[in-house]
């Protein structure tokens, strides 16, 4: 893997680029047994050995390595952004529709949804993200367009868009998601037409971005809710902290504990192999490596972040 | 409740009509705390104090009382008939698609379906009945018409039909059923388009029949698979016994044990307040009383059958 | 396997011995992939190819073959007998302590017990059988001795006894059972000291009998509750039918449906490889073959009974 | 409630005592609907309106108010300390015996333990804390004495001891705990005698401490594993962060998300009404208010900490 040189400058301490290279070197000696997500053809066709990382600080420094400027399918990472938008619109009333608790083992997702009368455990689960889509549809005139606009502003890239090919691929195989939304509808916790909500949901999961764009997009969560580039207040300080708390507890499927334990930062992964993490007050970082461990999180991405927070002593704990 | 006189004759032993009257008299002294099914308007509008019973023997005797000649929504009772049709078509290969085990508590229907990788516990559960519809759609040219033809022949009434009003009512509120079928589709245990299968399923549950028609329709199961009227072999003797075994273990939602224990006959109930039961070698009987107990079975219907098998010593055990 | 000749006489119709031989011949061509129960050393040491069968009719005819006169560990089969004793003592009040519903999949036995606030689904599950022991301890002066006396009378063998070696082996590994009884105690559904109840329970499971003894012991359930040998009324006719109904729905762990479906008789199996089945009005039968299928029921025993009821048309359905 | 004056001095910023008083004033206007834990008599006899808080900084400042110098039953708070001891002894090999994932809803604790083959979801659940006791028993010569010694050093109080009255009370009603440990033993994940492990476990839960003692005891977790008083390294920096991560995700039963979300600090609650929380790099704090919300956490304690981190902007997120 030929790694392009970082062009960033002005970096204080630590020397992220050197650390990145050191970690990459260590990881190169470990066999990555992970598998690229295969449930839709669009994801399985990716080169499994891609690797990119981009870290950006609240004072707008950039540190990056590898395929950090190549687009990948961010998948569930987008759920944090739709959550931020809905939370800003609804305030604390949002939590009557979805809880903020970790999900427990995945094997009983449906029974928990049934037990909790159609209230998902948190907004980063598939079921919870559908509730967020439903809320946005109810409260915005053109929800999908406004969401894209939000993303384009935060990422600094006006071309960010849904990927129809991936959305269609998800839609064609999304029976488990259809089961979840119908179950919630049976408890009256979906207010809009099921197909309209699923259309938004599958589009949401289809977005493609680069590591650079993801890192920049999430920077407001490292900066008390304010985007350092536009100085716009995306979320209040309190809401920004709370979104981080949700990522910390719920961002990694059935491996949230493992990630908190080893990495010690709030973050969110996607089955496209991307992971975003946030160090409040310091930086946001995006890593991309398509091979997933058995829990569905990027194998090398998690290992990279574990080594990074160890070497830079930047766990929040 | 004015009870029309039975016009049957030739009855040997026991004197069913006298016994019916005696039981009705006893039951009239008990308050029926049951509630008419309210989940769809079509069912909730029924007069809750209707009561009818019709027993017909393998030698074609008829004994009946009350509103036995009035149509009611047979609902899940129809699932035994679609099962019989599919079993006859597929033979034992049917059981690779659906098991023959009782369901356990209803609170975990979804988790069991997930645990068993999309294979429903039995063909009389909603999920299992959808599998049966799916099988019939795959194997018959005009499945719904052929099913109606089957029913018209067995019941002796060429006017038996789906009730579009009830089917539409079920469809409009059937999100839990849509969740179940999508979950099975995610495990590839539904072969046809979900909407086509649900259309058949909701029609199946919409059929209206009288107690007389239900009793006559099920008589082949009391007669080793042969319809005494047409002498047609509907099922082989072995298959007929096996359908009875399935009714015995799975016919009453989460109350199959209670029914076996107290009544001691294979049977099937529906949320329209109907119950059919079969005494192999002797008779089939249909009772109708719309008030349901908390498990969803006719309160008075179950009490009637319990007293009947006690007084006539006709439990199969 | 050299089969001793049956010495029975006077048999009417069907010719059971000939049928037995025919079935044995057919089964000898099928590989028995079953495994002898290995969780306690006492059971794993048995010769896996033992096979015995003994059928006895309500008019005291005997038909038997193979190792039918050799003792084996009847294990859970004994739970029907302790149930009969407790039911006779307590009447219908017994059912406030234990339900009569099939258990559903075994994977959630503990969650069901918790969901039902410590009330086991039926008296033939381990948890339910402990409730029965608890009831007998509360209501009898010398419960274990009186239970043995009951068994000795029914079996006609005054030497029937608990097997301390097997009971000790069960006790030493019975942590799952200790978990169940403690959970029930936490819901106050165990009234006596846990160790006293477990002592009875492990003794109960340790009894050894021959096929002949088991068949004779269960004959009262084929005879409306009356032991044909002593003419004693062991249970009322109604209670006898109800115990049969419980066996039909709950006698085979997670395979009750399969057994009802294929064999069509109420029965009970044990992990020692024994199965007892009852044809009400006709006969009781005990089969023994130590290799178990994956559900814990005798592989060859179930196959034998399936063929027997097919050939003799003696399913109750 | 007469509040004693704080005697601390030298405090920089913020002025904790003033903030404490402000929060107490706000809380006094809210009705506390919580209930004192009633499952053992020893806990239910406490004055429900007690309230104490003690915050101590890594530079040994003390800020306190109310009944902060009164002993209360710290209950599950002690589980963090036994975990620290076992983690230090065993290192990362500890995690083959217990996971570090949040537990999901409490209603399925037993089924999750069964599903995970006897491996508890985390060391702060009852089941997980028993594993920790088991590990300490295996690895220490006098485990209970050494644990007390550890506590006495950290708290600075040589009189810290188990409370036999409370331990006995727990033991007498601890059937659910006995169910859990037996289930784990059945999976061979308990190595020592069940009674020995339970004895340690019930003693562990019986410890009484004051808010001041709890805050000081936990200070090493705010100081990268080093006790500021003794300068002893209790845990390595990495292990200290990881224990904090576990508290963050697993410290509040089924309300870990809620606490992270609203308070934003790692912490642990006990049913005695105590809560400890840690701000890495800054302080540890103990609050005590016996009335519990429906999830089993101190109602006023959680509200106090939520207001405190809001007013002092000290969420870690």
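Note that the chains are named A, B, C and D in the order they appear, and that numbering of residues resets to 1 at the start of each chain.
Just so we're on the same page, a contact is a pair of C-beta atoms (placed from the backbone, for glycine too) under 8 Å apart; a residue touches a chain by one contact, two chains touch by 3 or more.
For clarity, every value in this text was computed on a predicted model and none was experimentally measured.
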Any chain in contact with chain A as well as chain B: none
Maximum centroid distance from chain D, chain identifier (CA atoms): B
Centre distance in Å when chain A and chain C are each reduced to the mean of their C-alpha atoms: 56
CA centroid of chain C to CA centroid of chain D, Å: 49
Chain centre separation in whole Å, for chain C relative to chain B (CA means): 32
Per-residue multi-chain contacts in chain C, two or more chains: 107-108, 111, 115
Touching chain combinations (by label order): A-B, A-D, B-C, C-D
Complex interface listing, chain D residues touching chain C: 107-108, 110-111, 114-115, 175-176, 178-180, 182-183, 185-186, 194
Chain B-touching residues of chain C, taken from the complex the two chains share: 99-105, 107-108, 111-112, 115-116, 121-122, 237-238, 240-242, 244-246, 248-250, 254-258, 260-262, 264, 266, 280, 310, 313, 315-317
